[in-house]
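Across the two complexes that follow, chain A remains constant while its partner is chain B and subsequently chain C.
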Partner chain A sequence: MTGLKINTGVTMEIKSKFIENFANKFDTYLKVSNLPEEITQFKAKAFERVLLDQIPTPKMEEWKYTNLAFLNKFNFDLAALPTLDCKTVDKFIFQGLKANVLVFNNGKFCKEFSIIIDEALEIETLSQALSNGFVGNNLKFELVSDVFTNLNAAFFEDITFIRIKKNAIIKHPVHLLQIFDGNLSQTSIFPRTYISVEENAQAKFIETYQKIGEFDTLSASLTEIKIAAFARFDFVRTQILPDNHIFFGQTNVEQNRNSVFNDITFTLDGKFIRNNLNTKFVGEYAETHYYGFYFADKINYIDNHTFMDHAFPNCFSNEIYKGIVGDSATAVFNGKILVRPDAQKTNAYQSNKNILLSDNATINAKPELEIYADDVKCSHGATSGTLDEEQLFYLRSRGINYENARNLLLAAFGEEIIEKIEIPQIQNMLSELFESKLVGKLQ
Partner chain B sequence: MALLSIKNLKAKINDTEILHGIDLEINPGETHAIMGPNGSGKSTLASVLAGKPGYEVTEGEVLFNGKNLFEMQPEVRAREGMFLAFQYPVEIPGVSNTNLIKSAVNEIRKYRNLEPLDAFDFISMIKEKAAMVEIEQSFLNRSVNEGFSGGEKKRNEVFQMAMLDPVLAVLDETDSGLDIDALRIVANGVNKLRRQDNSFLVITHYQRLLNYIVPDYVHVLYKGRIVKSGGKELALELEEKGYDWIKD
Partner chain C sequence: MEENNNILGNLAENEYKYGFVSSIEQELAPKGLNEDIIRFISAKKNEPGFLLEWRLRAFHHWQKMKEPNWAKVKYPPIDYQDIHYYAAPKNFNKYKSLDEVDPEILKTYEKLGIPLEEQKRLAGVAVDAVLDSVSVATTFKEKLEELGIIFCPISEAVHTHPELVEKYLGSVVPYTDNYFAALNSAVFSDGSFVYVPKGVRCPMELSTYFRINASSTGQFERTLIIADEGSYVSYLEGCTAPMRDENQLHAAVVELIAHKNAEIKYSTVQNWYPGDKEGKGGIYNFVTKRGLCEGENSKISWTQVETGSAITWKYPSCVLKGDNSVGEFYSVALTNNFQQADTGTKMIHLGKNTKSRIVSKGISAGRSDNSYRGLVKISKKADGARNFSQCDSLLLGDKCGAHTFPYIEVANQTAIVEHEATTSKISEDIIFYLNQRGISTEDAVALIVHGYAKEVLNNLPMEFAVEAKKLLSVSLEGSVG
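Showing the complex of A and B:
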């Protein structure tokens, strides 16, 4: 296609319309964005990398189950002016749950719609953080392998820094409400959030995603979480997205010694969802739990890639992902565990269970264990199958019809993950949403 | 009219015919026992009656309440009043006993054009029936049969039977693996459910259970056929002489 000269002086061939669209916008974007030199440099490097990498193809190991050619049919604009109002935001806030609510419109933190009730929760946007010198220490450019994360780096409009101060316990849950606005045109959205849980602090976060407007939207987000020594962080993400949103989410977690991290990724709907969840231990005796549940139906594609990097000894990780795949949907679970040579006394467990509801449903399950230490306990297992015929018959023999018997069994399958959520209101809400999905009534 | 009328029933599994022509009539208020050596087709008969997938009926007919049994899905048979107490009750992790029984009771009530039970009536019914088979309340919140002992599983079957109040209960080797105390509890539970308008088909290998659940009729099943029928004294005769006597 076209050759493009970017400001580094290198001319590159652009192979896809998806990237070409962004290339056409990049120079103007940088000029009008009025960012300090260090950020501009960072973005230029990131975009250079995007041009080098192009969109991934199934030939690449990390994308072997994914065909991204469909991205070329879109012509995404960069996020324009928000159309958000209070009424819209109110619809998306949990009723009956006293919580801090941080509202993000197209990735940008909206203070005017947010509710902060715990004082120990500190929030700064990029401009605030720049003025107090915070950014210089935290925005170290790293060449990451994921092109969508680099696209985020090139085009993010703002960064939200959330800080939970040393020894603080955030009493109420923190709700990150990401609103994707497709009211004006096809829009690309690049949320970027840094969460710092300082020493011995504790917090529970839940992130939800809402789409407004009729135009197609794409989000490629980056969430960086640093959990300091003896801190504890719980993160629940519930994904119920309409067909006209494309979701790429990168979450990178760094855990220091004796910290605890619990992640629950709960996906009920979404035509295209790719979650990358990585944890790296940077201290000993840290503990991580990944729980995932996905329900893919219609022609949906739901992909979870996780990576547990045991870089330090004496850490514990446990990962349970469960999925239901029906109709002509595809789900992917790729769980990598790396135990580095020094990471003796590592305990790392992984399990992935799938139920297929139709002959056209596909599950690609790939556990990847790389172990370079000799004194470790590691296990993994992946299963996929249909519902248990004996259990179905037992329920039916009690007068319960096939459909209801099936739903009882599927509900039981999913509840194992839902019950890990420690906020009762959220747990009940997800149970209800899951049950409405089972009877085909998910809105 | 007979409650259950089986005529020349032949059935196979995996292309092997197991039942070679069974005839049996059960009237309301009667308790029938079917005895027989291992492999005679006792459990196949129970499975075919309840509609377990995998069995193919090749000949004959079964009328239940005057209706063709084989035109009913397993859940419809249950709603029409049939109950199978499983020889090996199935474990269902994640589905509580209460959840199972509530769904079952309400689906059966709906079929019979009755309102769903309100929470109060449901709980008092559960308490009464649980006490009958000496089941504790905490047991009801546990997942169906998960981690239950053999005795607990069989008591749970009789508890469910009591909750669903069937007109025909088929007990498939309910005595297998039970110690004498558990056997007595299970049998007492069954006896309390016996009335003029319901019937029982008790399938067992041993006569011992029939000391507690005394049948009106005893049939001997051998190689897929009923080879002998009689009163309760036939069970004692079998106990004494063994099955070889029948084989000749």
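Showing the complex of A and C:
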């Protein structure tokens, strides 16, 4: 295709329509975005890297099971004016749960729709964080190997900084409500959030995603979470996305000594979902739990990549991902545990269990261990199978029909993950959503 | 305990006891790889036209390929033009009896403890010995012929049974398969050929002993084993090489075909020279091994004990095509000093009710890296397929690495696939328990490693199992404390 010259002076060949579309928009975008020099420079570098990398192909190990050629049929615009109103937002807020609600429209924080009840919760935009020196002191802009994260770097409109101050305990859950607006045209959305949990602080976050409008949307998000010493952070993400949204989510967590991080990724629906979840320990005695559940049906594609980087000794990590794959869906689980040299006394566990419900369903699992220290205990397990005939028979012999017996067993399978959620209202809500999905009534 | 003392005795011996060089006059092809060399090798062997054409096709394909780099091993680039692709003992003609064999060659095999001589008949193993590029002697040939079993160097089979070679060569590992398989197809010089006819149970273990002797040579042998309907054969493979400072390339291809109700058991004790303590020298062992369970109820079982080679890169695999066929993979891979191993298996389930079992035990010591890389693929039509994989890694010392990269791809809901892996070191409690009972730490480690590897070693034929146990101990030397 066309060779394109961007303002870095490098000419590169663009091989895909998907990238070409962004290349055509980049220069104009940068000019009108009116950002400080350092951010503009970073964006230019990030986009240069995107051009260099192109869209990943299945030949690349990280994308071995993913064919992204379908992206070329879209012609995404950058996020335009919001069409959001109060009524719409209200629909998406949990009823009966007293919570801080942070509303994001196409990745941009909307103060006017948000509700903040805990004072220790501090929210800043990029310009604020730049002016008070937070960015310079705490955040370094770095390019990564993931092309969608770099695409996010090139096109993010704003960064939302959420700080939980030292020793603060946020009493009420914090609800991050990401709204993807496809009312005007095919839109690409690049949410970028930076969460800093300071020393000894505690908070529970829940993130949900809502799509409005008929046009196709794509989101490529980056969430960076820094958990300081002795802090505790719970993060629940529930993904129920319609067929006209393409989701790439990158979450990078850094944990200092004695901190605790719990992540629960609960995916019930979505045509294309790719979650990358990485945790790096930067201090000793930290603890991480990853829990994941995915239910892929129709022709959906759900891909979870997790990475646990044991860079310090005496840390603990535990990971349980469970999945149900039906119809012609494909699910991918790739979990990697890296124990670096000298990260002695590491305990790292991982388990991935899958149930296939149809002959056209596929699961690709790749649990990995890469270990360079000897005094460690690490293990992983992965299974795939269908429902146990004997268990079904047991239930049916007690007068429960096949459908109900099947749903009962599948519900029990998913419940192990749901019950890890420590907010009762959310737990109940997800249980109900999961069960309505099982009987085919999920909206 | 008595056996343990023997192990200690062996431990005291030199580290790599097969590191000698035999002064046998060699005939070498000039260094380098081009069409002429391939024609030269083919002419040397007086091969039929179809084989030369096949070699040339493989060579042209190889020229278009790139060397793979996905394995977790590091080595300086190999100069493929700096290798002799053909080395043979001089004045070499096929011997009619062992009396005619060059006494130096016999001495070489004597040092290796290979029962080539007639008086070793009692050992009951039929041996085909391959020195550098050519097969030097095959024992028990007549006895096997009575049963209709063909066991001979592949260079001989090309002449005596061209129809079988043409039909099966490259049928499991085509020359397009990978870089090293293509290279092997172009330049392979010799190897073993086995055909077991319908309903015959091979009465003895068949064994091939591979030896690299000449310097700056590569060894590219090719093994082809065909088990016809209802037959059984157990095949052993052993390998050693002299100690040299340079790295030598070994790129072999092994193809197994098991027809209906047939069973092939393939055991390897791989002890190529691993390089010295500083990681200098050693063999690059880049091998493609694959078995095809062609017919119903067939079974292929791979057992390997890998202690040698500077770099090991091999994945003995099973393609389970016939319904109810079974694939097995048992492996102990031990790496010490600067050795690198990236090894594992592939189990491709195509037929209904196919079963596979993987037991892999990795032991890393010194500054070595030991990876298990395996694929379990259940295709859409493989109803009722079953797989169980267990991959354990043991770390001895804090400078080594142990890695597990399993790929599990399931496209059939009735299949049951289970994978588990653990990594740990030998617990101090266990060592303490044994110390308390008067067992030194080094002995205790040997004891635990043997126990750890037992599940795999039990699958080896007895003579091999004893040898493998000793090898484990010797390879572990110096890694404790």
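The definition used in the following text is that the second predicted complex is superposed on the first by the 441 of 443 C-alpha atoms of A that agree within 3 Å, B and C clash if a C-alpha of one lies under 4 Å from a C-alpha of the other, contacts with A are read in each partner's own complex, and residues count from 1 in each chain.
We adopt the following convention: a residue touches a chain if its C-beta (ideal position, glycine included) is under 8 Å from a C-beta of that chain, and two chains touch if they have at least 3 such contacts.
What you see is a predicted model, and the numbers here were worked out from it, not measured in a lab.
*Asks:* Give one word, clash or fit, describing how chain B and chain C relate on chain A after superposing.
*Replies:* Here the two partners, once superposed via chain A, fit next to each other without clashing.
*Asks:* Of the partners chain B and chain C, which touch A:Tyr394 in the superposed model: first, second, both, neither?
*Replies:* first
*Asks:* With both structures superposed, pick whichever of chain B and chain C touches the larger number of chain A residues.
*Replies:* Between chain B and chain C, C touches the greater number of residues in chain A.
*Asks:* With both complexes overlaid on chain A, does A:Glu38 touch chain B (first), chain C (second), both or neither?
*Replies:* Neither partner.
*Asks:* In the superposed arrangement, which partner chain does A:Asp327 touch: chain B (first), chain C (second), both, or neither?
*Replies:* Touch status of A:Asp327: no partner.
*Asks:* A:Tyr372 contacts which: chain B (first), chain C (second), both, neither?
*Replies:* The answer is second: A:Tyr372 touches chain C but not chain B.
*Asks:* Which of the two partners, first being chain B and second being chain C, lies in contact with A:Glu432: first, second, both, or neither?
*Replies:* Touch status of A:Glu432: no partner.
*Asks:* Once the two structures are placed together by chain A, how many degrees is the angle at chain A between chain B and chain C, based on Cα centres and rounded to a multiple of 10?
*Replies:* It works out to roughly 70 degrees.
*Asks:* Least CA distance chain B-chain C after superposition, rounded to whole Å?
*Replies:* Nearest C-alpha pair, chain B versus chain C: 14 Å apart.
*Asks:* Given the complex with chain B, which residues does chain A contribute to the contact?
*Replies:* 389-391, 393-402, 404-405, 408-409, 411-413, 415-416
*Asks:* Within their complex, state which residues of chain A touch chain C.
*Replies:* Counting only chain A, the residues touching chain C are 61, 341-342, 344, 354, 356-386.
*Asks:* Which chain B residues qualify as touching chain A in the complex?
*Replies:* That would be residues 50-53, 73-75, 77-79, 83-84, 86, 89-90, 92-95, 99-101, 103-104, 107-108, 111, 143-144, 160, 164 of chain B.
*Asks:* State the interface residues of chain C toward chain A in the complex, per the touch definition above.
*Replies:* Residues 70, 378, 380, 393, 395-425.
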